[in-house]
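Chain naming follows the written order as A, B, C and D, and within any one chain the residues start at number 1.
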């Protein structure tokens, strides 16, 4: 079976156990869900160990065959990891624990179903990062669709159903395009194995067409302006515990896909459209920042902030050199942690003060000093303060993009200032602003709430101070991609 | 006499039948028009079996089948019409509008 | 001995961690002690390193921090005369400020937090100074900015403090972006960010001259932001919203000097480009006189000092831009001491008078003699009174400018020297001398500050007087020789004291003092004459030439507009397109379902139409018509 | 034809058909002579046994060589066998669906009419002659007309049957007209013979008639599989007919339509030269068939968007699925037969499953409105999850067989050259569009509160049917090779070249 299979399907343990527990025993359910969400982390740590000790983790089992000889098409069940996907697996496992802990505090009704769906979602996400076969990738990719739809639609805010539909349709279209790309590749190459496709020779026009389609498909997920409106809606409407996963890892599938498939499969064509990607990244970066600057509501502000940060990922990818790619990967992970922490805090604040409007949250540092402090810290991480993960990624990304496209890079640096502007504006107005929060006796961060905070903040600092902890794993991926680019 | 004349006649008959089936208000007449269309087919078959490229009995046998089936169809159609009439007391086609949209 | 340098920053970091964890009220007395102790240790360490450098020379050590492909970015430390000196200045001022704060901040509710922030800042500043490469420097450059931000906004319940903190962070960040770009460009030119590698590349001619100029200018933007040079200066006066010890430490002695330090550190790079040097000099000179002008009319004691700081930093830039490496560093050193002294003394005044407005002070000399004397020493030092440290360093700066034959800039420098003496003594007279302004009742409550505050000032006062003698034409240019000894890329210009220059500056200083005396003490001259004659100009100067308003109206406004336009686009264009698609779908649905009218003959007709259309198509395909 | 010739035939070939005939006859007699007190639901057991026996017979024929009897009008080959299996499975599922609720005594008719209709479909699968084919088609059609109107007291049922008869009659006439031209052009009704003569007609004046014949035949069959614009009867007939009949129409009748379409077109026109050089006849026609397929997918899904009546919604959904199934016909790849076979198989399970749940809820609440699903998860989690599985499969979400089916179709289409990329894109876009109404059902199930506070009891036969469908969908979704291997193993002689058996 292999460790990877065990890892990907380890959430099933939780699902089964939860199903066995009668729905009356809420406390037991919560305990089981949290404990079971640790299982994937253990598995992924084992996988991490194995990977770095040089063990061959990949599995390949025949699975589906279409057509008969000599016109047959085979799909294998193939799992494997690269350095980057390994880190993403770890990130998923960590964020899932954190999100589950958060959910135990913030999800009130229908807890069991929530946990079941989240665990199902986790299988999808883990599978996406672990698969080495496009069909398998797609199946896992789509597997996230239904749980997300139900989670948003059932546990979301006022406009939850609209948000759920927006999610469904945008992602549906995105994955539809992806599916076409996959099957065109399948039909042309005869296999959907990553390596086989990467080594296949396709005509220039075909690979350009496929690449552009891929860009759109993953552009929805990432998201790339103007395909982003769904994501803002989801960020605002979905329960914060879910947004932690959504912003933390689900959106990262877009970045992963662009790097793994976009550059991995079509390096030459990507070289040709790299300027376009860079401009898209620039637009994302600046547009997101500008809009974030005038938002009045925390969740939409950080939604636009995510868009802006994904712009940096795009810039890194467009750089097509070691520094840029490594920066993009770093940013992917760093933003995953930061966004998750931000939305955890928003969840806490929303839970306790029942509002997320910046103007109504003034003076938070009086009522909830610790929350305010952590919010400030994560805000600083988000604006790329050295010592935190955001800086390393921004630095490397700009290092990369300056080499290949200095002008775009120079314009992009405006984003750094804008980011600081909107983050400070929001954080300062909230934590230090005019004291609007009249309610006394609002509890600050306490007890269990420190678990998510300390895990995520710890990781953000760890990556910021010792970036080698990540480069260690990521570099193999970067090198593999750079090798394909031929640089 | 070439086969063309028969073909034209059959085509005309078919068109007439179709036109009738689409325009007549009375369901019975509509069913009869459908019979007309089927008979156009029979005419074709018989004509081909006599004047066709490869004259053979097959066409006539085919037309026998066709006639039989047409009869069955008409019988079933009329039976259903009677059931409908029992419930709604109408044989007008345009009154069958319970379901739409 | 120099090998211990890397430990030094970790002492204050310990303050940060300890005070952050034990920030509850009952631990406050420990916080200040821990803070003082660790900075004391840092000071001892710094002095050791300084001595060590003098004896054993430079040393450097790095460890790998981040690798991209085959490129390795490292962190570590370097010890050379310049940063050994900076190390001592920073840890000394920090140490004194820590002590001073114990008195000044007594009774503060969030004392633990305050010391934690101070510790954090000191840590970042020391690490910045020790940086052996641009990346590390940049990282701590940002972190000192954070420390400054946190401390400016320490009284966050005041809206002005919040705004000032935000402004400080953002405006310096504008500069930082320049530095970042410059740094990255350097990397792609040189392949490394180590200072030594950069200098080698520059001196070896590996970078073409245009690139050198570009890089130098970009890096200079960073320095402009941090050191409050025009046009990114306006955050510094606002930063006075922070507690006064903070102003002394960060916004007078250390962080704002980091820009100057940066230019000095990268001096070989700047020197390789005449354009860059000229820009640095012009910016410095302009800032110097520009800020001095504004300082004259300010009514807030700390703002006067703040503009004075800006002006003095301009002086240092002028020196560096005129190839006066030693002069710049020298002025940096002396300025650190006397400006810290002035701020601490001002803090002492504020502590006693409970106001920052000069208009509400006056005649404090009697009540606070100690502070008065100390403030006077500082004022004399900054004004360039002979025998005080400011005199020597200022003379050195002007000499350097003269030698570079920047006569216009030289003139500006002279005028600034005069203005400095004038506005500083204006301040002194208004605060300590003039008698009538403070109401008697309030004056009674004013007492001299406690000894814990006075003591650090005394130390600084001694240095404000004595620091000038390390580099004089009379006893020998020790500082210059030493600085040059540790840096192979610096060529020391022979120090030739120009007697006439000394005379001119002395004259100007006295002129300034005299005019201030006439205007504000004796009131022989109408102090309001000019402001009444040119109200518009006065208004402009008072508001710092409306630089802030300009920014508010352009940059901030534009960003907001873009944001609003973006939101609008979002709401009406993107959503509009989506609604359009939705509407079309609904329309099609409606039409199609209208066709589905329940009439069986309609259905049949559709079959018929379909048949006919298909037949037409088919026959057309077969070319039958 | 004397006795000897008759006896010489290998009648074993027709064993499944005979089984069905015998059971149908038996049932009609039983229904006629049994007393009224005898509950007719026991007839369903007979019917079930009959279908099972026929299924076993069909299975046993799998390994056999292709053979023809009755003067080459009746052919048993792997194509026929494989699709007959589908028809029997479909009929079995429909029977499971219908055997659960009995309110009317006269339902005995239902069972033997179901069997005769099935017989017609099976004959179509095996026919090698236009006449046999026509007779099979009409046996299916006429039985279906009566089935649609079997609820005599219901006006809607009457109306549905009447509409079906009128439109069906027209379609039959059109098909027959096409057949008559085919006969006229070749002088034979035997498919083999026709296919041998047709090449000589290409690029002669007779070509016009040939095209007309092709189109008219296509239109008649398109009516059966409800392709736009010949689909308009579908929603009305589906709505009026009792739910088991709806299931039968959308599953067995549609499958039969596809079978005959493949049989006739692939045999006659599969390798026929096209109107222009270097293309086959089917390729010449592919453009407009492709347009029809695209229209079918788009309109089917768009019209389903505003439906609140679940039966109509399923009717439009079945229209859309007909569009998906036309894609392989347009593309004509080596995978075409496998595509259609597998997709029909999957489609049977998911449609019958979905309609079964609708049936259960309809029996409970007496409404067909979408709201019947509201709060279903609270009332009956099991039904809710089953419905979710069917819905997801219909929507083509991975993990279900519906996805594999679509994947297979798209793969087949794109493996040709030039690949019909536009058609495939439309297919996928239409699928995404269909998410809207499929997930609308999920919204009702999970998000809405329920006006009906009753617990739902599901009859045991229904329950079994539901679980079979669900397990098949998930099983085939995760391990599609359970079915595909079976197909490859027994039917692997069929591909487009092999399918033109009659020519060589």
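Here is the rule we go by: a residue touches a chain if its C-beta (ideal position, glycine included) is under 8 Å from a C-beta of that chain, and two chains touch if they have at least 3 such contacts.
Nothing here was measured: the structure is a model prediction, and the numbers come from that model.
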Inter-chain pair with the most contacting C-beta pairs: B-D
Longest centre-to-centre distance from subunit D, chain (CA-based): C
Chain centre separation (subunit B, subunit C; CA means) in Å: 96
Centroid distance [mean C-alpha coordinates] between subunit D and subunit A, Å: 43
Chain centre separation in whole Å, for subunit D relative to subunit C (CA means): 79
Where subunit B and subunit D are represented by their mean Cα positions, the distance between them in whole Å: 25
Residues of subunit D engaged with two or more neighbouring chains: 162-163, 166, 170, 174, 235-236
Touching two or more other chains - residue numbers and ranges from subunit C: 593, 596, 598, 600-601, 604
For subunit B, residues that touch 2 or more chains besides their own: 18, 21, 30, 93, 96, 98-101
Listing of all chain pairs that touch each other, if any do: A-C, A-D, B-C, B-D, C-D
Complex interface listing, subunit A residues touching subunit C: 226, 229, 232, 287, 290-294, 322-323, 326, 365, 380, 385-387, 391-392, 395-396, 398-399, 402-403, 406, 409-410, 413-414, 416-418, 420-421, 424-425, 428, 431-435, 466-468, 471, 475, 478-479, 482
Contacting residues of subunit C [partner subunit B, same complex]: 593, 596-601, 604-605, 608
Subunit A-facing residues of subunit D, complex: 333-335, 338, 392, 397-399, 403-404, 407-408, 410-412, 414-415, 419, 421, 424-425, 428-429, 431-432, 435-436, 439, 442-443, 446-447, 479-481, 484-485, 488, 492, 495
Subunit D-touching residues of subunit C, taken from the complex the two chains share: 585-586, 588-590, 592-593, 595-596, 598, 600-604, 606-607, 609-611, 614-615, 617-619, 621-624
Of all residues in subunit D, those that touch subunit B in their complex: 130-131, 134-135, 138, 141-142, 145-146, 149, 152-156, 158-163, 165-166, 168-170, 172-174, 176-177, 179-181, 183-189, 235-236, 239-240, 307, 312
